[in-house]
Amino acid sequence: MHVGAVKTDRPLISLLAYDDDGIEEHRFESIAESREYLPQHKRLWLNVYGLQDAEILGEIGRRFRLHPLVLEDILNTHQRPKIEDYGTYLYCVARVFEYDGATRTLSSDQVSIVLGENFVLTFQERRSGTFEPIRERMRIPGAPFLQHGTDYLAYTLLDAIVDQYFVIVDRLGDTAEDLEDDALASPTPALLKTINLVKHDTHLLRRAIWPLREVLNGLIRGESRFFSADTRLYLRDIYDHLVHVVETLDAVRELLGDLMDIYLSSVSNRLNVEVRILTVLTTLFLPATLITGIFGMNFQVMPLLDEDWGFYVAMGMMGSVALGMAAIFWRRNWLRS
Amino acid sequence: MHVGAVKTDRPLISLLAYDDDGIEEHRFESIAESREYLPQHKRLWLNVYGLQDAEILGEIGRRFRLHPLVLEDILNTHQRPKIEDYGTYLYCVARVFEYDGATRTLSSDQVSIVLGENFVLTFQERRSGTFEPIRERMRIPGAPFLQHGTDYLAYTLLDAIVDQYFVIVDRLGDTAEDLEDDALASPTPALLKTINLVKHDTHLLRRAIWPLREVLNGLIRGESRFFSADTRLYLRDIYDHLVHVVETLDAVRELLGDLMDIYLSSVSNRLNVEVRILTVLTTLFLPATLITGIFGMNFQVMPLLDEDWGFYVAMGMMGSVALGMAAIFWRRNWLRS
Amino acid sequence: MHVGAVKTDRPLISLLAYDDDGIEEHRFESIAESREYLPQHKRLWLNVYGLQDAEILGEIGRRFRLHPLVLEDILNTHQRPKIEDYGTYLYCVARVFEYDGATRTLSSDQVSIVLGENFVLTFQERRSGTFEPIRERMRIPGAPFLQHGTDYLAYTLLDAIVDQYFVIVDRLGDTAEDLEDDALASPTPALLKTINLVKHDTHLLRRAIWPLREVLNGLIRGESRFFSADTRLYLRDIYDHLVHVVETLDAVRELLGDLMDIYLSSVSNRLNVEVRILTVLTTLFLPATLITGIFGMNFQVMPLLDEDWGFYVAMGMMGSVALGMAAIFWRRNWLRS
Amino acid sequence: MHVGAVKTDRPLISLLAYDDDGIEEHRFESIAESREYLPQHKRLWLNVYGLQDAEILGEIGRRFRLHPLVLEDILNTHQRPKIEDYGTYLYCVARVFEYDGATRTLSSDQVSIVLGENFVLTFQERRSGTFEPIRERMRIPGAPFLQHGTDYLAYTLLDAIVDQYFVIVDRLGDTAEDLEDDALASPTPALLKTINLVKHDTHLLRRAIWPLREVLNGLIRGESRFFSADTRLYLRDIYDHLVHVVETLDAVRELLGDLMDIYLSSVSNRLNVEVRILTVLTTLFLPATLITGIFGMNFQVMPLLDEDWGFYVAMGMMGSVALGMAAIFWRRNWLRS
Amino acid sequence: MHVGAVKTDRPLISLLAYDDDGIEEHRFESIAESREYLPQHKRLWLNVYGLQDAEILGEIGRRFRLHPLVLEDILNTHQRPKIEDYGTYLYCVARVFEYDGATRTLSSDQVSIVLGENFVLTFQERRSGTFEPIRERMRIPGAPFLQHGTDYLAYTLLDAIVDQYFVIVDRLGDTAEDLEDDALASPTPALLKTINLVKHDTHLLRRAIWPLREVLNGLIRGESRFFSADTRLYLRDIYDHLVHVVETLDAVRELLGDLMDIYLSSVSNRLNVEVRILTVLTTLFLPATLITGIFGMNFQVMPLLDEDWGFYVAMGMMGSVALGMAAIFWRRNWLRS
């Protein structure tokens, strides 16, 4: 049973057959249509977008003799990245991401890759452009690509997926730096929610990338006979990229961890600054109030009271003391928030 | 001696015998009753709810030749999850959980599974519905399930237990997010207690899940002859689920760790906001008080004092200054908590 | 030379000899006395309380051919738990604890266990009841215990020690929860000291327990020929208990780590609440003071001043405004600490 | 395709050929020029500054038979430090740093080293003085250096790179200590940015150094036949240096982690100190205001009011009380920020 | 070239030759002097204080055939502790510490130990008393020490170094506890510097001790033929001590980590307490000021104003209200800092 949430309108099956002699491409609207088609070249790449039609997957499973567990894992699109060896083929699960910078939301889709002797099967829930550049490279007449085996094709697929991670992680890094500026400038509870959201995204990303690393490490060490020694050299390259991505991601995560502290202290400081301003205002009124008190005393003999200009002198005293204090506080930056 | 706290009214023994030919089920009220029963099919699943009757366990132990340590571990229901190989059978301890979302309490029960050549014994303190769906699947006439050995039955039992973990962890995650909203909106000491309680629950859960992972890893690597190579493929699936659960749980734990900081700073900010409101109130009275002081001075010559409308002008000055300041503070959001 | 701090009045040597046929017990006041004694049963358990008499240890060392390093380690009672294989015997160091709940102090004593082919030697600085239940079990006529070798005796000794850890850790956990309540209710600097003290205790406990785990792991894996395969099954049980204790201890430690944060923020919040109360008091006086100012102004024409009841109206205004504000603050809980 | 950001005006190729008999040096302006040159000594060191000219790298790649992946890694200057064995040569990537103390910016460049049987190739994007001292040592007539193989040259190159790390880490440590003083004396948001910047730098440095450690460890353990047992002794030395650098870097990182806390609490304390000063000012005015109030009361019979010097006595009381309080506050350091 | 900072006035070379028959000691002022000396006993211990005279080290290096890297490491006194096997001898670097409790400064010196078949060489920059007790033990006529090989001597040297660590770590622990008291009683910025200094010291100590552990572990596992199986038993003892020291050090480090939090919150609380005192003072003046306001109102008809004793009643009201409030605040401990 299909577990993923997304249903595309109609599944799309595309076949790409190639060998040293050339390449042919074909798209099928239904699985029935594909039965009559006989490819001319010996290496096959069958790509399926949309998983809700159980019949398609069932028939592909029967034709390529896939284990029921593999079909189940393809349909249940919440798998952890992994590579499993089923004897006559290798089953690999990876995850592709899309990051929408505007809404700061990260969406992901599972990619299942089955690598057999002379075929590669790929399954995705949604149409995506991740593998399009690979098709472009294969269509070049006489491309050296076509002379490599299907293991090299599997390598380029993984490479395309990992290259995408770089873009995502860089965007998350930019977001984190934006959030840091926001946390200092205008710390709102909504920002706290956003920080936790981005944290959650880095978590998701890490969980998709980390196990891939382990898995590639195994392939490089030659645990699987599906990758030739030659292609393994290239896998080493993806591995380096993955480590790089993970390290960048960890730096982003550390920054996000600090962000919480910065946010919390920024909120607290804003409040304190506001209280300081209010206290400064209070202090400005005190001398004036004292002066009014002094001239409100009922002594028989007091200076200034009987002069015509006495009142204005008192008012002038009040004003000048308040202005003098305000100047001092202003110079100390105590009146600015 | 039985160590667990819960006593069911009456122990319940149910036997399920099956093989390729069919299935038979029987329930016994007492262990004596079971002595006369002779199952027709060769693979046995004996399930016992309620452990306080030492006689039942003793007799089962003698019939299936269980080691005294195994019987002791079944009765002492605070075991750490583990799998131990006793030569002629495998003894496995796991833990099932129930989470009551309303009272936010997590309760757990120990499940002991003994896997022998042609039998599986399961022991639980309380009746629970965890294994009911498995019985349903077995009752389907001609189910492929019946053709597998008892190792496959043991796999489905473990699978049912692990599937339950997903539900529990998701609920804990929801609780943690609710608590975060509460911490921002209304931070009370009771909330702090709840945070610590949920933290404690994740701790318990982790301790139940983590060792299971190790144990499964060992089984997958083929350390035990009780699981056929075929069933080991399925164990790999449970292992993936477990890793997934642990990762989700760790994300929940991280969120809970941040919660403490959010709570503490939220409490502190509320107080500061309240002090700010009070200080704003104080500031609003200052100019009015100064004006009363000014017109309370005893100068011979002062403006307004002799006019009939003087008093009302003074009152108007007080009111307008206070209203003006209040407007400014209001626009800066300093009067809202 | 003896390094430990505690001197018992007089060392106590007790011998327990047993085999399948029976058991005999004897206590010696001095080492000289023991020379003449010849046990009838082949398995010996020699227990010594009190280590300050170098002669006793010297003679035992010579008779059982112990290495000088072993004697040194028995006397220097600050050893780290360990098990060392000296070829003809196994030397094991563990630590027993006593926790005084009233004064919240943890005291400990070193237990040295020497396991040879047919003998077990145990050394402790102080008399303690840890091993008494084991003696009780051995004294039961025809106890199955007596049919096991000395390795089984060594196992029960270790088991008794580890069982004690459960009690201690539970008590520390209770103390930690009490401290949390105290931290929220009445945070005093004395409490901070207590938190650090309990932290220190968990540290000590962890250092005593953690290495034992490693050591047991080694024994279980069969690194030592002193434990039969049969007894090793039982050691696996102690190992599980130890892991359980360590996990509980770690939960206690995490709680203690949070306690510091709770304490610090609790102190800070109390102060803020007090400042809030004071600010509320200040605010209550402001309108009254303003009213006195208004009626203290020197305008010629002012309402109320010439009425007989004017003064009481003013006083009523003051009182009602203050009471109204107090009611608002009271409803907002701003007057309670 | 070249990925690095920096373009030097013109690439610089320098060749250094040496063996036991002597040494010769030559610089080429273009790759064409080098084709005609035939070195007299058998061991070659070819150094290239500037990578934007694809032709140069292509021709070198063809002549020394480098794998396309190696050429790609040389050009893509964001590689993680690593050593890869390509059978006939060893490809090593390291990173050199430059720290500008004034602007507190850390810039880095990738160094690629290819070690073959009788040649060493080095590639850098920018001209730097890192390797100049090595050339000096080689130019000394009859230097023992020349009798070693190219593996010894590779060792000295790595040694020169690691020695530079010491300088950089020490400078970062000095910067961190400066920042600590700044955080206590004048905590500004700009400082927070700087702290995060330096943190980021230590991150970068760690990522450049850490993998080198792993790599050297492998070489020392003799995984590669390109380093003789003799040179491996020297590699052990670099390894020790690297561990030393990493430990110092970790201490710097810990200091930086504390810095954030110090900064945040320093900001908060400054604000509190300012509020304290303001509150002290408020308190100083209170007794004077009370005294004016007392002598402003309208009792018929009051002391002092009718005396000529009454007013001055009142003023004196105000002044002396305020001065007395100021003295107390001054002695308690409450008037200093 | 010598890298260390300290120059002793004059290097001191002392030779101690011993075997089962006896012991002889000799001190040389210069290396020339030593050339003529021929020891009578076969096991040699050559100790050198002061490393600035390159000639001495050069000659010793030639006589005992030390590798240039060893000589370099002896002179460069910033080595990380390590043990390196050079085939015919073992080179060991350790670090001795001196802690000055008064100035709270930790100084250290590097000890190089070369252990060959029948000789031990030790090198230190400064004269220290670390090894004096060992010499004392060797001088005892017929000491069992002399019958052991040079590996036992090397063991006692390492033992003496590790024993010193206990003293240093205990002192750091005492310092940390003093600092905790200071942090609560009088938190000054100077204290923060001291906390960081002591933190730095524990860092240094840890870096000196940690690698030694690894190294000893290797020796115990029998990786080196320079230590006999017999002496390896003793090394196990040092290893235990080292682990003990590291654990104590880690407890000290954890305490220091908490110290920062305690300091920061202690500073913040002191400020808050001071602000509370000031706010209490403000509150005490409020009712008195209100009373003066009331009797300053200009109502025609007011009680008390026309009585002779009216003024004194008003003053009494002020005083009693202020005293009453002060009593309440005093009982709540709000007037004490």
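Order as written gives the chain letters A, B, C, D and E; numbering starts at 1 within each chain.
In this text, contacts are C-beta pairs under 8 Å (C-beta built on N, C-alpha and C of every residue); 3 or more make two chains touch, one makes a residue touch a chain.
Protein identities per chain, from UniProt: A, B, C, D, E = Magnesium transport protein CorA.
Predicted model only: the values in this text are computed from it and were never measured.
Bringing subunit C onto subunit D by least-squares fit of CA atoms involves turning it by 145°, to the nearest 5.
Once the centre of each chain is set as its mean CA position, subunit B and subunit C turn out to be 28 Å apart. Separating the CA-averaged centres of subunit A and subunit C is a span of 45 Å. Residue positions of subunit A with contacts to 2 or more other chains are 261, 268, 272, 275, 279, 282, 289, 293, 296-298, 302. Contacts between chains close into a ring here, every chain touching precisely two others. Chains in contact form a single ring whose order, set by starting at subunit D and proceeding to subunit E, is D, E, C, B, A.
Of all residues in subunit E, only 67, 69, 73, 78-80, 82, 84, 189, 192, 196, 200, 203, 207, 260-261, 264, 267-268, 271-272, 274-275, 278-279, 281-282, 285, 288-289, 292-293, 295-298, 302, 304-311, 314-315 touch subunit D in the complex they form.
Partner subunit E is touched in their complex by these residues of subunit D: 180, 184, 233-234, 236-237, 240, 243-244, 247, 251, 254-255, 258, 261-262, 265, 268-269, 272-273, 275-276, 279-280, 282-283, 286-287, 289-290, 293-294, 296-303, 332, 334.
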